[in-house]
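Here chain A shows up in two complexes: once beside chain B, once beside chain C.
After this line comes the complex of A and B, so read on.
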């Protein structure tokens, strides 16, 4: 490389940086204004007793001390983690199963793709309302069916069942999302691999276990991380179907933060819960990344 | 490479334009390009399913006809649930207060009043005796805040009580629950006959909490509002609520059902009784066979048989900024006066079945609504709801724990003490 070329490269790099900055600027302004500033403000307000209005008094770590001893926060955290497990096992798990199955069928791939993806496009509020109408004790779909067949009505949402009752629609809604990601990943695997495997005598489940899954491992990892972060954001379905009850048995961190902030007007405490949600999310994502670290296969 | 200087310029231009468009988007909502018109922003709860919506909208149209130079930006929304409170509070917190706001009084409005964003109406009322005379003295007293000023000009009030489906009582040959024994008897009989005795929600138990505490402590106990710690009658009231819950007096899904759904159980005659307020009168279809009576006094309770939770807890607030803005020419006050004439109050009371704040004859009331008005006239005391007297955080602490109390997971004492602690923190300056 002669001197002229080197200079040219340097000048390109410098002006590229300018471009990069300019093109990123609108995003930086938008996320800065609507994401990072409010978050930093939440961190700041977490140290205050604040009624969301004019009473704002510095109370140091009191909100965090209250948070550490708050029984509902403990329950909501455990519930959030439980939903996370369901999300990883069922959302991603079923996504993999469906993707492998649809990949092996010869006709109708597009139909399955649309059919499974469809719930993702429906608003969570509408799905929540639909499931509320399923579970309703007095005249819900499930109880009407039971009465029709001569059985007693069942109280579907109880302390024991409420979390499952909200986990079902949560899983149902997002299975299609992971299915589409994984199905696309599977269809990108070159046929040569399968032909070679076929010649070696690998078929059926072994083909999936030894060829397909290792080759889409990085996509599965992405899906698991998305499922983890996604389950931290579960809000609408719980809010609409159970409202976090009965006796906080289906409370998740999002709904508890909402109740404390907007219903109880405890905005300072709500901010502290919000900070806790972010920290928990960061810890879980880092942990997931570490645990799932595995050499990626490139092809 | 040749075009780089040009494209760089362009990208600078594009970026600057994007930044400017953001800035304009953010400020656009407050810019007023009026073309000589006076813009008034109004936020009320007369929207959606509120029965007074039509009367309100017609009133705004009439005002615009009378003052063609005024343009009204109506941002009203229904007050069901929490979003209305959040909207109004956020508007005031961000310095974006409406010119005219129809909002609650009491604990909800405390911070708005403290901020000085709304004007006391006393002087303005003194200057206009005709307008001032619209309100009866009782009503004026009820809406007077702790500092002795009136900030909200009310139009109609509400009452709460025990709603009963009289036809179900006749069918099962039960006496109306005018005292505690009859109340308990009714619960037993309806239970035996597969009718839900009381349509109530434990999650949204606002009115149950108020009435059980009122029945135990009377007006004095009910209105103690944590002034001298936890009044023992509050614990007595909530314990009695637990006993009634254990008699299977509420729907099987009482712990998850919302108040709106519970009301439907009563409206559809699946439930015999309901503790609720006058705002549900509009939803009750069978106004002939439905009645409303005061909640009975429990054994050992200090209430008088006709003590009620009722009153005037909402009204029009006038923004100070708007009143002092000369370009608005006092139009916000004009609008409030227009919306609070005796005639207008009569129209609103006819529409929503509430108790008028002025001394006017309301025509066309259903038998149920007339009974409600009669009950208020004959009441031995009128108390404002507990959630208008203590901080929202303390009240929510009680309300969200009712499920724990009725299922013996926490004692009423524990819950009330926790709520008192929250209230003390809210009162600290």
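After this line comes the complex of A and C, so read on.
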């Protein structure tokens, strides 16, 4: 009896091992083949002159030396950082403002949430095409408005304005995302905090500044980090609206990596750019984490 | 002379002040809602007008709505084929991600074994890998397997790319399922597969539907990978078609472009209307901690 029970336990365990293996196998094969191996190979191929087909020659750090001196990389990095600043200031900022405002009203909460959030769910490609129709010189929405009020048509996408032209839809699309995160955080604040604030005579903006914002600071931090990592992934809107132009003026790292690899066939160099994007992302997230942590202590 | 407010006047002035504040708040909120709703309305409205009417006045309501743009979208640019491609590839991605992700999540949330910690760390780390850093070698692999420009060329990389996050979401739900449920099933003679398919999956339905929705949206909305792996007309998903026609017709055929955008948005808007809570939850679940 005793032995029988033990045997049963043992047999369950050995068969469990089989199931563990079987159940994990598809995930291991798929992520191994299409995620981890390609990532490692990108890192490796960053040290090669590689045209994607037959030519592949080890050239050490040459891709990275070229990258450091590449005028377009400099521009794309600055553009990416500029979008990142807009994202932190306007996406997270507007997210905070809207969350506080919606929290202060009684009616329409659900409506506002639906209206603010839906751009997050739709494709950046479609949004890009939509904004192309707004910016278009002949008869786009903006120029139709101008002509209607008797003004001259404006060329909306120029070397000076192109980055702003792609930054606006990028920001606009994701405000609702940060709004939902922060609004959820605000609704979780227990009522007693506000009651105490009320006793102290704190209302309106003061209440927001001294009670609400410090209490959701960790969520704001999460949002800032998400805005940073999200900005490094910008591709679709730039690709559709300006294609990185005119004359690379709105190029971001993602579009430049795509062009170098799949248009100019410089696969090794493209891999080096991709590695640069990953490293930049890690450095910026760590920096943001450190900077924001210090802020948090002061409360 | 000192003018002193009566209590009544005091009450009145505070009331109007807070009323004014409320009104300003509502105006601001409605203003932002308009920035998201109006562009969408503009596009849908213009999709029902002939292109020359869009050019002369894109703001007026479609006076005599016409479906001619929709007919042309299906005939001229074969949007139906792209729709089908998108559905097959994103549907396939959802199926495989949920099946394999579910199995992996079940294993990781229920069994203690040697490599568990390592696998969990690797999965978490992979969330930091952007598509830019895998795309070239994946292209190479797909070319070797002769899968480029087939449905698999998008299903496989998408499934692999979305698995880690799906596993994270599913397993954090599955750890909350009481062990007694499974033990009862095992007593009844179920093997692990049966426990998974008959107990775990039905109980985890909310997590599966949330994950299914965000995987579908990510896959359906992705342009970058699709542009590289499945650009050919027979297999291209709807986003690739959009990107190709945007340069071709831009500035000339507003009606057709507005229609293409509208058609692309319809499935997503439908999902959003039917399952808004899950969409919001799914797309923000990475950020909001339990």
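Just so we're on the same page, the second predicted complex is superposed on the first by the 260 of 299 C-alpha atoms of A that agree within 3 Å, B and C clash if a C-alpha of one lies under 4 Å from a C-alpha of the other, contacts with A are read in each partner's own complex, and residues count from 1 in each chain.
Simple rule for what comes next: a contact is a pair of C-beta atoms (placed from the backbone, for glycine too) under 8 Å apart; a residue touches a chain by one contact, two chains touch by 3 or more.
Keep in mind the model is a prediction, meaning the values are calculated, not measured.
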Chain B or chain C, by number of chain A residues touched: C
Contacts of A:138 with chain B and chain C, given as first, second, both or neither: both
Which superposed partner A:52 touches (first chain B, second chain C, both, neither): both
Contacts of A:266 with chain B and chain C, given as first, second, both or neither: first
Which of chain B and chain C A:184 touches, first, second, both or neither: second
Contacts of A:247 with chain B and chain C, given as first, second, both or neither: first
Partner chain(s) touched by A:19 [first = chain B, second = chain C, both, neither]: both
Touching partner for A:198 - first (chain B), second (chain C), both, neither: neither
Chain A positions touched by chain B in one structure and by chain C in the second: 15, 19, 23, 26, 30, 52, 136-138, 262
Residue ranges of chain A touching chain B (in the complex, touch as defined): 15, 18-19, 22-23, 25-26, 29-30, 49, 51-55, 57, 136-138, 153, 155, 157, 162, 242-243, 245-248, 259, 262-266
For the chain C and chain A complex, residues of the former touching the latter: 21-22, 25-26, 28-29, 32-33, 35-37, 39-40, 42-43, 54-55, 57-59, 96, 99-101, 103-104, 106-108, 111, 113, 119, 122-123, 126, 128-141, 156-157, 159-161, 163-164, 167, 186, 191-193, 196, 217, 220-221, 223-224, 227-228, 239, 242-243, 246, 250-251, 254, 257-258, 260-261, 264-265, 268-269, 271-272, 276, 279-280, 283-284, 287-288
Touching residues on chain A, where the partner in the complex is chain C: 12, 15-17, 19-20, 23-24, 26-28, 30-31, 33-39, 41-43, 45, 52, 94, 98, 101-102, 104-105, 108, 111-126, 128-130, 132-134, 136-139, 141, 144, 148, 172, 175-177, 180-181, 184-185, 204, 219, 222-223, 226, 232-233, 235-236, 239-240, 253-254, 257-258, 261-262, 267, 270-271, 273-275, 277-278, 281-282
Complex contacts: residues of chain B adjacent to chain A: 4, 8, 11-12, 15, 18-19, 22, 82, 86, 89-90, 92-93, 111-112, 114-115, 202-203, 251-253, 255-258, 261, 265, 270, 391-393, 396-397, 400, 403-404, 407, 409, 425-426, 428-429
